[in-house]
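Multiple structures follow.
Shared between the two complexes below is chain A, which pairs with chain B and chain C, respectively.
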Partner chain A sequence: MTSGSILRALRPCIGLAIVLTVFALHPQAEGFLSVYNFKIVANQTVIVGLAAIGATFIIVSGGIDLSVGSIIALSSVVCALVLRAEYGVTLAMVSAIFAGCVCGVINGLMITMLRIAPFVATLGMLGIARGAAKWISGEQKVDVPPAALESGGLQAWMSNRPDPEWLWFSPGVWTTILLALIAAYVLRRSVFGVHVTAIGSNEKTARLCGIRIERTKIAIYSIAGACAGLAGFMLCARLTVGNPTAALGIELDVIAAVVIGGASLAGGQGGVLGSMLGALMMAFLASGCKMTGSATYVQEILIGTIIVVAVSVDVLQRRRA
Partner chain B sequence: MVAVSFACIAMGTACSPSPDKTGSGSGDQATKARRIAVIPKGTTHEFWKSIHAGALAAGRELGVEILWQGPIKEDDRNAQIDVVESFLAKKVDGIVIAPLDDKALARPLREASEAGIPVVVIDSNVAWDGRKSFIATDNYKGGTLCADALATKLGGKGKVAMLRYIEGSASTEERERGFLEAMANHPGIEIASSNQRGGATTASAVSASETLLGRFGDLQGVFCPNESVTFGMLRALQDSGKAGSIVLVGFDASPKLVEGLAKREIEALAIQDPVKMGELGVRRIVDVLEGRDVPARIDTGVTLVTADSMNEPANARLLDPDLSILDK
Partner chain C sequence: MPVTTLRAQGIAKHFGVVRALDGVDFDVHGGEVHALLGENGAGKSTLLGVLAGVHSPTSGTIEFDGEPYAPRNPLDAVRAGIVTIHQELCSSPDLTVEQNIVLGREPRVQRLGMRALVDRTHVRRLAEHALDRIGARVAPTARVADLGPSERQLVEIARALAFDVRLLVLDEPTSSLTAVEVERLFAVLTSLRDDGRAIVYVSHFLEEVMLIADRFTVLRDGRTVGSGEVASAEISGIVELMAGRRLDEVYPPRRDRSRMAKEPTVLDVRDVVGKTLPREASFRLERGEILGVFGLVGAGRTELLRTLIGLDPARQRNIVVSMNADVRLGRGPREALAHGIGFASEDRKDEGLALDLTIAQNITLSGLERHARYGFVRSSSVRAAAERCADQFDVRRASTEQAVGRLSGGNQQKVALARLLHDEVHVWLLDEPTRGIDVASKSEIYRRIHALADDGVSFVVVSSYVPELLGICDRIAVMHRGVLAQSRNTSDWTEHELIEVAARGAGRGSVQGKKAEA
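So, the complex of A and B:
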C-alpha cells in the first residue's frame, strides 16, 4: 500500500471518529454513546448500507446508479404484495431481490447494448421503477397482513430487540455486515473484482487486455439491483408497509456514502468497507443532529458540506500524488 | 480535512436552535425539567408551526422542556421512525406525535411505551391501542358542516361536485365521507361528481379542477377537503372567471385562501385548531406523567368561517395564529 492509499482508507475512519467525538462531547446529546443508540443507528444504516454495497461496484467501474431509490420502493411493494398473497416471508424476500435484480439487468442492458451513458440509463430506470411501483400497488401503500409480521417473522428482520437476544444486532444488520465482507473480498481479491476496477480505471485498456466489458457491466448492475432489492425487503420489514413513494432521493445518500468512503466518481478506486463506514457516519450524524435538537436543515447542510469536503480532499491528495 | 469537518460540525450544532429551556417552578429547581418530544409530520407547513407554537406555550406554562423534531424528509415514514428511535435513545419523558402512517409507526411507538415512555397521538390516528390519548379534529364532523353550509347557501337545491384529495389520506377521506353522508339529507342537491382527485400537489389540483369545471359547465357549488385542493380549485375558478359565482367551500387556511374568503370568492372555510392540538398534546402527556386520567379521544373542533365572520377575534386567531413564540 502506498501512503496515498493508506490515507484514503483512513479517511472514512477519521470522519466517523470526528462525528462520534463531537456528539459524545455535546452536552445536549445525552444517550448518544449508549449501547441502545448504537444498535438503532446500525439498524438505520441497513437500507443505505445494503444499497451502497452494490453502488460501490458500479462507482468503482466508473458508472453511476440513480435508480436505487426507485428500485428499493418497487421491491418493498413487491415484498408486501407477496406477503399479502400469503406466500411467506422467504418467498417475499426472494421476490424482492429478484425484482431488484431484473431492474439491474435492464440497467446493464441499456448501458451495454444501447450504449446509453449510465447516468441517463439509470435516470430512465428511476422513472420506470418508481412508476411500476405505483402501478402494481394501485397507487396506494400496501399493508403487510398482521400474520406475516409476528408469526411470519417479517418484523424480526429489522427489530431493535432481536430474538434470541445474544444476536445483539437485528438480522438485517448482520446480513449487511456479512454481505459487505463478502463483497469487499470479491472486489479486492477476485478476478471479477479486478475486472471491475480495470474497467473503471481505463475501459479501453481493459478491453485490449481481453476483459469482456459488456458481460462484466451487466453483472455489476445486476448485483447492484439485487442489493437494492434486498434493501427494499428490509425497508418493508422496518415499515411493515410496502410504500411506492418510499426511499425518495435515497440514491443521493447512497452515492454520498460511497464517495465519503473513499471511492472516486472517476472510477477505478473505492472499497466496500469504506462505503459502509461512510453510510455509518451519515447515520450517526443524522442521529446526533436529532439528539441535539438541530433543525432538519442543519443536517442537510452538514451532510452536503461533508460530501464536498471528502471529495475535495480526494482531489487534493491526487494532485499531490 | 479534520479541521474543516470539525469546524462545520461545531458550527452546525452551535447555530442550531437550542431546545426551549423553560424555567420550572421555583419549588422544584433541584429536579430536572421534564422533557417532552413533539414529533410533527414535517416542519415547513404552517399547520405544523402552529402545533409547535401551541406545544411551546403549554411547555412554558407547565415548566417542561419541549423537544421539537420532524423527519428530515417531509412525509417520509422511515425518517419519522428514525426520529422516534432517537428520542427513545435520549430517554425523553413523553412523546407527542402526529404519525405519518397508521401502521408503520405502530412498532416504534409500542417500543416507546414498553420502555416506559407514554405516547399521546395528535392529528392522525395510529393502529395501536397503547396510546394514552388521541387528540385531533373530528374530520367527519368537519365534512358534514361543509355540506350543510353549501346546501344552505344554494337554498337546498342545485348541482355540486366534490374534488377529493389523494388516496389513503385518512383525515381527508373522513371529511369526504362526512360531506357525502350529510349531503344525502339534502335531497334537492345533486352530486354531479365525487370520484375525481386533486392529487398531492397544488399544480395537480389546479389541472384536476380545470378538468372538472370544464366537464360540468353547470355546477353551482364545489367542496374541496384540504388546503392544496381548495387552492387549486380557487385558482381554476379565478382563471375561468367563475370565482364568486360558483359557491366554493374549502378546508384549512392559508394567506391566499383567506384573501379569497375576504373577496367572497370562497363562501366558507372549515378551520381546524392546530395550536390547540399542540397545546393539549403537551398538557395531556403531563397529566399522564403526573398520574391523572386522560380521555381516550379529544376533539379539538372545526369552525366554519365565512367572509362575514372572519374578523371576529376568535376566528381571526384561527385564520392567522400567533406564532411569535417560535421566534423567542
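So, the complex of A and C:
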C-alpha cells in the first residue's frame, strides 16, 4: 500500500471522526452518541449504503450512475404491488431486486452497445425508471396490506427493535454490512474486481490485455441495479408504502458517499468500506443537524463543503507527489 | 560576430526524485540553425518545455537578449518571442487557417462601446502577410482539419511569424514529411535564419541535421555532453556522443541469421488492409526473428500492428498463420493473445499500463484467470509470477506491490514488456519499445529482446529511431503511405537509404534499382 492510498483510506475516517466530535461536544445534541441514536443512524444509512455498494463498482470502473434514486422508487413500488397481490415478502424482495437489476442491465446495454456515455445513459434511465414507477403505481402511493406488515414480517426488516433483541441492529442493517463485506472482498480480490479497477484506471490498457470490457461493464451496472433494487425493498419496508416519488435526488447522496469514501470519479480508485463510512458520516451529519435543530440548508451546505474539501485535499496531495 | 540570442546555464529540472535535467548549458545565436540532439530520454523534451514556459527549472539561469528569461507559462514565452512547434501539431483543427494564426490575440474592433468582436479584415491581412512571407500556398479560410501535415506545419510557422518570433523551436519537424516537403521546409527555415532569427532544431535524423544545422548541442541523461560546429563534425562521432558509449555496447551483437538454417514461419501476414491504414501489408516472420518496420509518422506502421492485434478494424481479413493454426484478424486482443500474439503500444501511459494498479497487477492483468480459484485471485500465485517476470526484465522496484505510476519511464516500459512475458506469447509486436527512456534501460531491453529471440520468440519492432532498428533487427521493412515494402536484411540497409525509401517510397527508391539488377 502506498502512502497515498493509506491517506485515501483515512479520508472517510477523518470525516466521520470530525462529525462525531463536533456533535458529541455540541450542548444541544444530547444523546447523540447514545446506543439508541447509533441504531437509528445505522438504519438511516441502509438505503444510501446499499445503493453505494453498487455505485462504488460503477465509479471505480470510471462510470457514473444518476438513475439510482429512480430505480429505488421503482423497486419500492414493485415491492408494494407484489405484496398487495399477496405473494409474500420473500417474493416481493426478489421482485424488487429483479426490477432494479433489469434497469441496471439496460443501463449497461446502453453504455456498451449504443456507446452512450454513462452520464447520459443513466440520465435517461433516471427519467425512464421514475416514469415507470409512476405508471405502474397509477401515480399514487401503493399501500402495503397490513397482513404483510406484521405477520408477513416486512416491517421487521427495518425495525429499530429487532426480534430477537440480541440482534441489536435491524436485519436491514446486517444485510448491508454483510453485503458490503462481500463486495469489498470481491472488488479487492476477485478477478472481476481487478478487472473493474483496471477498466477504471485505463480502459484502453484493459482492452489491450484482453479483458472483456463490454461484458464486465454490463455486469457492473446490473450489480448496481440489483443493489438499488434491494435498497428499494428496504425503503418500502421502512415507509410501509411503495412511493413512486420517494428517493428523489438520492443519487447525489450516493455519489457523495462514494467520493467521501475515497473513490476518484476518474476511476481506478475507491473501496466499498470507504463508501460505507461515507454514507454513515452523512447519516450522522443529518442526525446531528436534526438534534441541534439546525435547518436542513445547514446540513446541505455542510455536506457540500465536506465533499469539496475531501476531494481537494486529495487533489493537492496528488499534485505534490 | 553574431549576437547571442539565448544563453542557458546550469539548467536543472527535477520531477520528484527524477532528474530530467541536471546541468544543461545551451546557447543559440540569432542567424543560426542550432540542432539539439540526444537519444530518447536525454532531456530534450524537458529542455524544450523549459524554453516554452511549460516547466520552470529547478535551478539555473536563462538570458534572452541580455534580459533574464523566466516564463511562468507558455503565453509568457510566446510574448517574449520564443515559439515552439511540436511534432504533434497542436493547432485547432475545427478553426480556419487565419483563425489559427491569430488565435490568442485576435485583433478586435470596437462595436457598441465594447471591443468584443474580431476585426476580420485585420485578421485576413495578418494571415496573408505571414503566409506570403514563407511562400505557403494555403487559403486563409481553409479549415485546418482539411490540410495535410506539411501545410499544417507551415500554418504553425506562419502563426509564429505573426507573433513576431525571434527564437523558433521545431521538435521533430520532418518526421511526417515527404522529401519534397522537407526541402520546402528547409528553404523556409533558411530564409528565416537569414532574417537573423534563431532556430532550434530537434531531430532524430542526423543526416538532415547535417544539411540544415550550423551548430549542434548533444544532451545525455539530462546534461550537455558536447556542442560544436556541424561542418567539423562526423555523424558517427555525434551518435557515440549521444549514446555515451561505443555503439556495440548499446546494441548487443547479433548472429547473422541469413547464414543460419531456415526456421519455421510463425506468422504469415497476407494483404492486411485496415479501415484507412495500412493500405497493403504482407510479411512473414520466422521463429526467433526480429523484423523492424520503419516509416514516416503517418505511414501506417502503428496501424499495421493495431490491425494485426485487432484494436483497429480490418477491412480485409486475411489469414494469418500462427504456429500452424489459421487465425483471422480483427477479433480483438483477447483472441490474438490466445493465439500467442501480444502487443505493446507506443504510449504506455495511455494504452499499456494501468498506473493506479500495482506492478504485480499490471504484469498479470491479461492472464489473471490463471491465478484464480473460484473467481478469486490467489495473491501468492500472482506475486510469484510477477516477481519472476519483473526479474527477467530487471524492473527496479521496492516490491511488486508498488503502484506502477511511481516508477521511472524505463521501468514502466519494462513492466509493460514483462506482461508479454507473463502472457507467454511467441510473437511480440512492439511499437516504439524504447520511446522516452534512458540509455541504460534501453540497452537492457535490447539484450532481453535478443535473449528471447534466441529462445525462439519472434518480434516485429516499429521504431522511428533508425540506429535502433539497424542495431537490433535481423530484417527491416519500410512502410510508405500505408504500403509495406519488401524487407531486406539489416546489413543491406544504411540509415540514408532507410530515410530515403521512407520519404519517397520503395517504387522510386533504390529497391527498384536493386530489382532491376537482379
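Please note the rule applied: the second predicted complex is superposed on the first by the 321 of 321 C-alpha atoms of A that agree within 3 Å, B and C clash if a C-alpha of one lies under 4 Å from a C-alpha of the other, contacts with A are read in each partner's own complex, and residues count from 1 in each chain.
We take it that a residue touches a chain if its C-beta (ideal position, glycine included) is under 8 Å from a C-beta of that chain, and two chains touch if they have at least 3 such contacts.
Everything quoted here is computed from the prediction, not taken from an experiment.
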Joint occupancy of chain A by chain B and chain C, clash or fit: fit
Of chain C and chain B, partner touching more chain A residues: B
Touched partner set for A:130, first chain B, second chain C, both or neither: neither
Superposed model, angle subtended at chain A by chain C and chain B (C-alpha, nearest 10 degrees): 130
Contacts of A:217 with chain B and chain C, given as first, second, both or neither: neither
Chain B versus chain C as contact partner of A:192, first or second or both or neither: second
First, second, both or neither for A:269, with chain B first and chain C second: second
Touching partner for A:291 - first (chain B), second (chain C), both, neither: first
Three-chain overlay, closest Cα atoms of chain B and chain C, distance in Å: 23
Footprint overlap on chain A, comparing chain B with chain C: none
Chain C to chain A touching residues, read off their complex: 16, 309, 311, 332-334, 336-338, 343, 345, 350-357, 361, 365-366, 368-369, 372, 375-377, 379, 401-403, 406, 419
Chain C-touching residues of chain A, taken from the complex the two chains share: 1-2, 4-5, 185, 189-192, 194-195, 197-198, 200-202, 204-212, 268-269, 321
Residue ranges of chain A in contact with chain B within the complex: 11, 14-15, 18-19, 22, 26, 28-32, 34, 36-37, 40, 43-44, 47, 139-141, 143-144, 155, 160-161, 235, 238-241, 243, 245-249, 285-296, 298-302, 305-306, 309-310, 313
In the complex, chain B residues that touch chain A: 1-2, 4-6, 8-10, 12-13, 15-19, 43, 67-73, 75-78, 81-83, 85-91, 101, 103-104, 106-107, 111, 167-168
